[in-house]
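The structure that follows is given in the form of structure tokens.
In this document, chain identifiers A, B, C, D, E and F correspond to the written order of the chains, with residue numbering beginning at 1 in each.
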Amino acid sequence: MTKPYDTLLITGAAGRLGTELRRGLAPLANRLRLADRTEVRDLQPNEEAMVFDLADADAVLKATQGVDAIVHFGGAPLETAWETILDSNIRGSYNIYEGARKNGARRVVYASSVHAIGYHTLEAHIDTDAPVRPDSLYGVSKCFVESLSRFYWDKFGLESVCLRIFSSFPEPADRRMLWSWLSFDDCVRLVTASLTAPRVGHTISFGMSDNSLKPVDNSKAGHLGYLPQDNTERFRAAVEAQKPPLDPKAPAAFYLGGWFVDIGHPDDEASK
Amino acid sequence: MTKPYDTLLITGAAGRLGTELRRGLAPLANRLRLADRTEVRDLQPNEEAMVFDLADADAVLKATQGVDAIVHFGGAPLETAWETILDSNIRGSYNIYEGARKNGARRVVYASSVHAIGYHTLEAHIDTDAPVRPDSLYGVSKCFVESLSRFYWDKFGLESVCLRIFSSFPEPADRRMLWSWLSFDDCVRLVTASLTAPRVGHTISFGMSDNSLKPVDNSKAGHLGYLPQDNTERFRAAVEAQKPPLDPKAPAAFYLGGWFVDIGHPDDEASK
Amino acid sequence: MTKPYDTLLITGAAGRLGTELRRGLAPLANRLRLADRTEVRDLQPNEEAMVFDLADADAVLKATQGVDAIVHFGGAPLETAWETILDSNIRGSYNIYEGARKNGARRVVYASSVHAIGYHTLEAHIDTDAPVRPDSLYGVSKCFVESLSRFYWDKFGLESVCLRIFSSFPEPADRRMLWSWLSFDDCVRLVTASLTAPRVGHTISFGMSDNSLKPVDNSKAGHLGYLPQDNTERFRAAVEAQKPPLDPKAPAAFYLGGWFVDIGHPDDEASK
Amino acid sequence: MTKPYDTLLITGAAGRLGTELRRGLAPLANRLRLADRTEVRDLQPNEEAMVFDLADADAVLKATQGVDAIVHFGGAPLETAWETILDSNIRGSYNIYEGARKNGARRVVYASSVHAIGYHTLEAHIDTDAPVRPDSLYGVSKCFVESLSRFYWDKFGLESVCLRIFSSFPEPADRRMLWSWLSFDDCVRLVTASLTAPRVGHTISFGMSDNSLKPVDNSKAGHLGYLPQDNTERFRAAVEAQKPPLDPKAPAAFYLGGWFVDIGHPDDEASK
Amino acid sequence: MTKPYDTLLITGAAGRLGTELRRGLAPLANRLRLADRTEVRDLQPNEEAMVFDLADADAVLKATQGVDAIVHFGGAPLETAWETILDSNIRGSYNIYEGARKNGARRVVYASSVHAIGYHTLEAHIDTDAPVRPDSLYGVSKCFVESLSRFYWDKFGLESVCLRIFSSFPEPADRRMLWSWLSFDDCVRLVTASLTAPRVGHTISFGMSDNSLKPVDNSKAGHLGYLPQDNTERFRAAVEAQKPPLDPKAPAAFYLGGWFVDIGHPDDEASK
Amino acid sequence: MTKPYDTLLITGAAGRLGTELRRGLAPLANRLRLADRTEVRDLQPNEEAMVFDLADADAVLKATQGVDAIVHFGGAPLETAWETILDSNIRGSYNIYEGARKNGARRVVYASSVHAIGYHTLEAHIDTDAPVRPDSLYGVSKCFVESLSRFYWDKFGLESVCLRIFSSFPEPADRRMLWSWLSFDDCVRLVTASLTAPRVGHTISFGMSDNSLKPVDNSKAGHLGYLPQDNTERFRAAVEAQKPPLDPKAPAAFYLGGWFVDIGHPDDEASK
């Protein structure tokens, strides 16, 4: 059967999650172009690799040539210094969108983050239309790309799905992840749904597995057709045995962003 | 066990869907009265048939005598000339409601349509309270019956369920139906729920199977107790192999009404 | 200064309100074409008159030739027999919209009515997006035109404003009108705003003066720029002296439609 | 593994539901303190019992000493005389909250009731933020505790979950319970989720099993992680065979509170 | 002209606000019955006085005989000990509602308070349907009467308006009152509107003058027809000169309840 | 009388609007510090000036020393090249917020823009919580500062008001400005309200005069106490005489952003 895409660009492809995506997205494209700042290993016959910084506009323009869709998971993955955020996430993502526009890519799937809305509470049960409340400069950069991609859709017709990934790790590592976890397999399912849904326009979706505790409402992304199949129940006993409960009045316990709300300004932290 | 109804009138009973309803609704009534413009075949012992036009007020008044509930699936099933819409769907449905009122029927289940709200987008994720946006004169006539039935409930206490059926076919025939399909079995489940729910007042419900892609929110019809049991996943590979994807910017791809939004005025079409 | 329109068609022009509109809308067009079933009197130099039934499609098609906009206030103005509603309001309005489409009119301002939403309560404080709840066949026909005009906008780009007029009389005649009254001057202001607003698409607006008691929320029609300047306070003492209060538990006191909710089916009433 | 609580106080522990809670909550605490007006039987090794009236502030203060969390299911369980409601439910619950505050309990799970919102209709599909509409003095007392517990959370940081239990009986006893039933096992699951969710602040949750007919929206309590596992389908045939349907226009059929809306004032009833 | 009511009962009539109401409501009734725990002075010819405690059910039943409507402003006006709240506000208001029901009064206007929703923030811009968040036991008692009166309306058809009065003082006394002030004249206007609106059912209204800073949305009470005519601008310069601004991060600055959120539990305060 | 602030920093102070703010805000502070890339003329005794680029972090840090509040109107005022947007608006505003945080300023009033939500339609009547839909890179940079300032409030307690200014010009220059105009006097009133409101936390407000056509809902900013006193009616005749109406189907007519939605990518435009 024909694959939905000929060439798919994956940024941030050298990391652990990138490895999962290489495996999981292979059925969707004839060729995967893998981009990262560091070399990608174990290249498969259907893969090609490019090493560059996202802040390098020329390199990004070149990397997006001949690409049908982009899975943009690259950039700084955590709170860090402003200059890094500015270069890797803001300037870098702008370069990706410009590359996509100039080279005619049809769709971008972007790894946004819970940290774009980290200062909303669990009890608020927000949906994907709630105003942003970033909990970090990292989160602010995610908001930037969400609005940038909205602009590229409204004005240039470039489709985007922004995935607000909660906690994508091999296993839930603490009590918060018992509700915030996104399994690698569900992450692949979510990106696959985002790439294959017939129409996405500009869509924001939360990214969690089917955990029993549900603090947000993802129904407005129902047109993606994402059906998570994992949950954290099989990890619960072990996690609860190893990690004491958080004080329910601690900010990290009631804000969606978890411990991100507790960290200070990265430039202050750096100077400590 | 006692059946919920003694006599049930089904309009539009001669068609393919009518055949499914005859089979599926038999457990709900001692007697099915089958109405259509053309003769209904293979009458069963629990069935009786009547042939007449819905626009014939006297015939409808007679057909609704002694009826406890009405499953009103008759009338023009597609976009067509105004005079036909006016006679079959507007005048015809008025006759049904007047017959129900004068003869004391308790409940009407009406085959409304996605085309009453065809100009809403998938991304809007509307619920059943959203303002109507018909995509055709056919859709306008569905809106008419939805408001007419609201009036008969508010003023005369005649209960109605208006089912906005998306795509009820033997199998999903194109990529849109991968999300819009209502299997015949689920259609029977939906009508059954509408007839047996303890209280419906005036209820509008979307009509789809449990497909993975969910572009609308049917929670306000939760008091019907409809639980779809089919979905389109087993048809997906075959459909996707045979039908190319729609351009995501094509109106037929992002409006709920699909290709109905592309057709012109029926009176123009007729004169072509 | 150039007038916004060259030729304006006013239907229902022979009545009391029509007379007000002739006077009030004169500044908006070089020529007013006045249509009614009965002859319009006292024609002014800027006016021309046509006598026909709205149900006569050919006559309507002719009357809409060379027209830039239509103020459609014709048709049955009260609850009446179904056949009259069907001919004058449903078929008649369809003819107007077809005439507008075929002859290239740019905008229609339609006299809808509170009776399209007459079964909502004052306490519900609905806005213009609330689902319709007609209180009469007359109200059902208003809902029909609201959905028909939505269709003509979405598919054919013909703009419409549907004015849900509450009580447009020379003076408030009873206690309900102390909140539901629309003065003739405010009615002219509302139609003028509807004709001159830069963009209306398909807009529904409530039609009331600036009375102190405000049972509905018209903010979603704010882009019309309608600013009522009358209110009922100067009539209050006289009305309250002459009319006893309604029982607050009487349907006519708590439904927006007032006494319309108390009348039975017009066909029953006729046979009394 | 460590249990989440050391000592748990259960009020209303002598009744049928109390017996279920004793069994079901045993895994959550080292010790269950059981309180009721009547003696609790068959004390287990992990249990201790106290007999007192909730209206006795000193007794309640003593009973809440050394308690980590309280499952407050005591008080009058049905509509009854005002003086009883005032003493058992209003004064009694105040005593519980004061005891919890003074003795440093961390969380209270309170048996509120559908009767706090009994005058909402099924068709309204309210969520847990809808304004209260009690159907009885009993329901008014439930509203009182919901607002009292909100106050104790906002001002004193004492967490509460208010469970609006619909119909918790061994089996569904009538047609209404086909949708309103909460199985004992699901009731235990709901209380367990309320006690173990990492953060509840002040949460209101509906309490029903996973019945097919869903008249309310519980998504705002999703952070409890309650997953019902029972439903009424296996009882449907028997219930429908024994109980005739309600008139869909009867208040008891369309208000959530069921037959509670039909009873008069308890002080009138008492004097009959 | 006939007055709307024959006899009006005012509770809490001996205080400063009671004096304003006596003067302001005189045009609405032939006779004012004035109730308070202390003697009302300067009785006018249209007035009669009764001295009793609201907690005395027999006295209240007697005082409500022959009364057409009740303006219930009595009870504890501030945070105070639980036993006082319970007797004066909870038991006392129950007595008023029972008296109204048994004696056939048509409407009650109740002095609820901002303190029923004191833990909402200014930035939330709540409307009158927002869930309650009392800031004191006093506020909890206001919530109690709001739900009690809802019950008396839904079950017994006794109309009520609950006025959430913000700050009704002769003049704004601090910076918060620059937005929360309700002038005495506007208070009289609000009670008058509540007594004369044709239909109120059960209505909750905020009570503020037309101050420029508007932290809440009162549009759902629009059917009262209340039009405030005062505002605080003429007091601004003097208030700002005398009172320093609050820290914008202080709870008393961002919660609607103001300094009420800072006070502790009244029983603790009493024992200090 | 004491002024609310000692030192106020105004960025973008050399422009026409800056001149208005210098005059209008003088009553609010003992000293105005005026910043711009070009020299500010006609310094008054209460003023001091600094010339620097916002992209210069050290200069901004120095300029924000000893400042109590900042009126941040500097940066690129129109769509322009990405590198300029990045330096002047993104990096520059970050510098302002870091300066404010490090130097302890209490509040920032930021000139956001309608172009942050330019792709919403007039008919949508959005409020300030609607998701952003920027119509330009300029608009994307406004969204960036709105989310950045939200972060500085949530994490560091620095208050901000983001003013989405529509069209602030000496007079309305075209038909769109008949509804989008913000007079200079009203602009000063809006900034004054933002600086003097007792509590703003993080507030977004639309910025328009009191024009009759109202396409958005600003009620959620009611706690600012902004009362516009100008409107465009006195300019209407002249504007309508000189400017032809827009086609109501033109994007510039129905999107809030006006002609901004028609311009292409600035980097394409530059290379033309």
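In the analysis below, a residue touches a chain if its C-beta (ideal position, glycine included) is under 8 Å from a C-beta of that chain, and two chains touch if they have at least 3 such contacts.
Not measured: the values here are computed from a predicted model.
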Inquiry  = Keeping to the contact definition above, tell me which chains border both subunit A and subunit D.
reply    = B
Request  = In contact with subunit D and with subunit F at once: which chains are those? Just list them.
outcome  = A, E
Query = Is the contact between subunit E and subunit F built from the same residue numbers on each copy (over half shared) or from different ones (under half shared)?
reply = different
Request  = Let me have the rounded angstrom distance from the C-alpha centre of subunit D over to the C-alpha centre of subunit E, please.
outcome  = 32
Inquiry  = Based only on mean CA positions, could you tell me how far subunit B sits from subunit E in angstrom?
reply    = 52
Request  = Counting only chain pairs that touch, give me the topology of the graph as line, ring, star, complete or other.
outcome  = other
Pairs of chains in contact (touch as defined earlier), listed by label = A-B, A-D, A-F, B-C, B-D, C-E, C-F, D-E, E-F
Note = Interface with subunit A, subunit B side, in the complex: residues 121-123, 125, 175-176, 178-179, 211-217, 237, 240-241, 245-246, 248-249, 253-254
Partner subunit B, residues of subunit A touching it in the complex = 1-2, 4, 106-107, 157, 159, 197-201, 203, 219-220, 222-227
Remark   = Residue positions on subunit F within touch of subunit A in the complex are 82, 86, 90-91, 94, 98, 101, 116, 119, 129-137, 139-140, 143-144, 147-148, 150-151, 154-156, 261, 264-265, 267
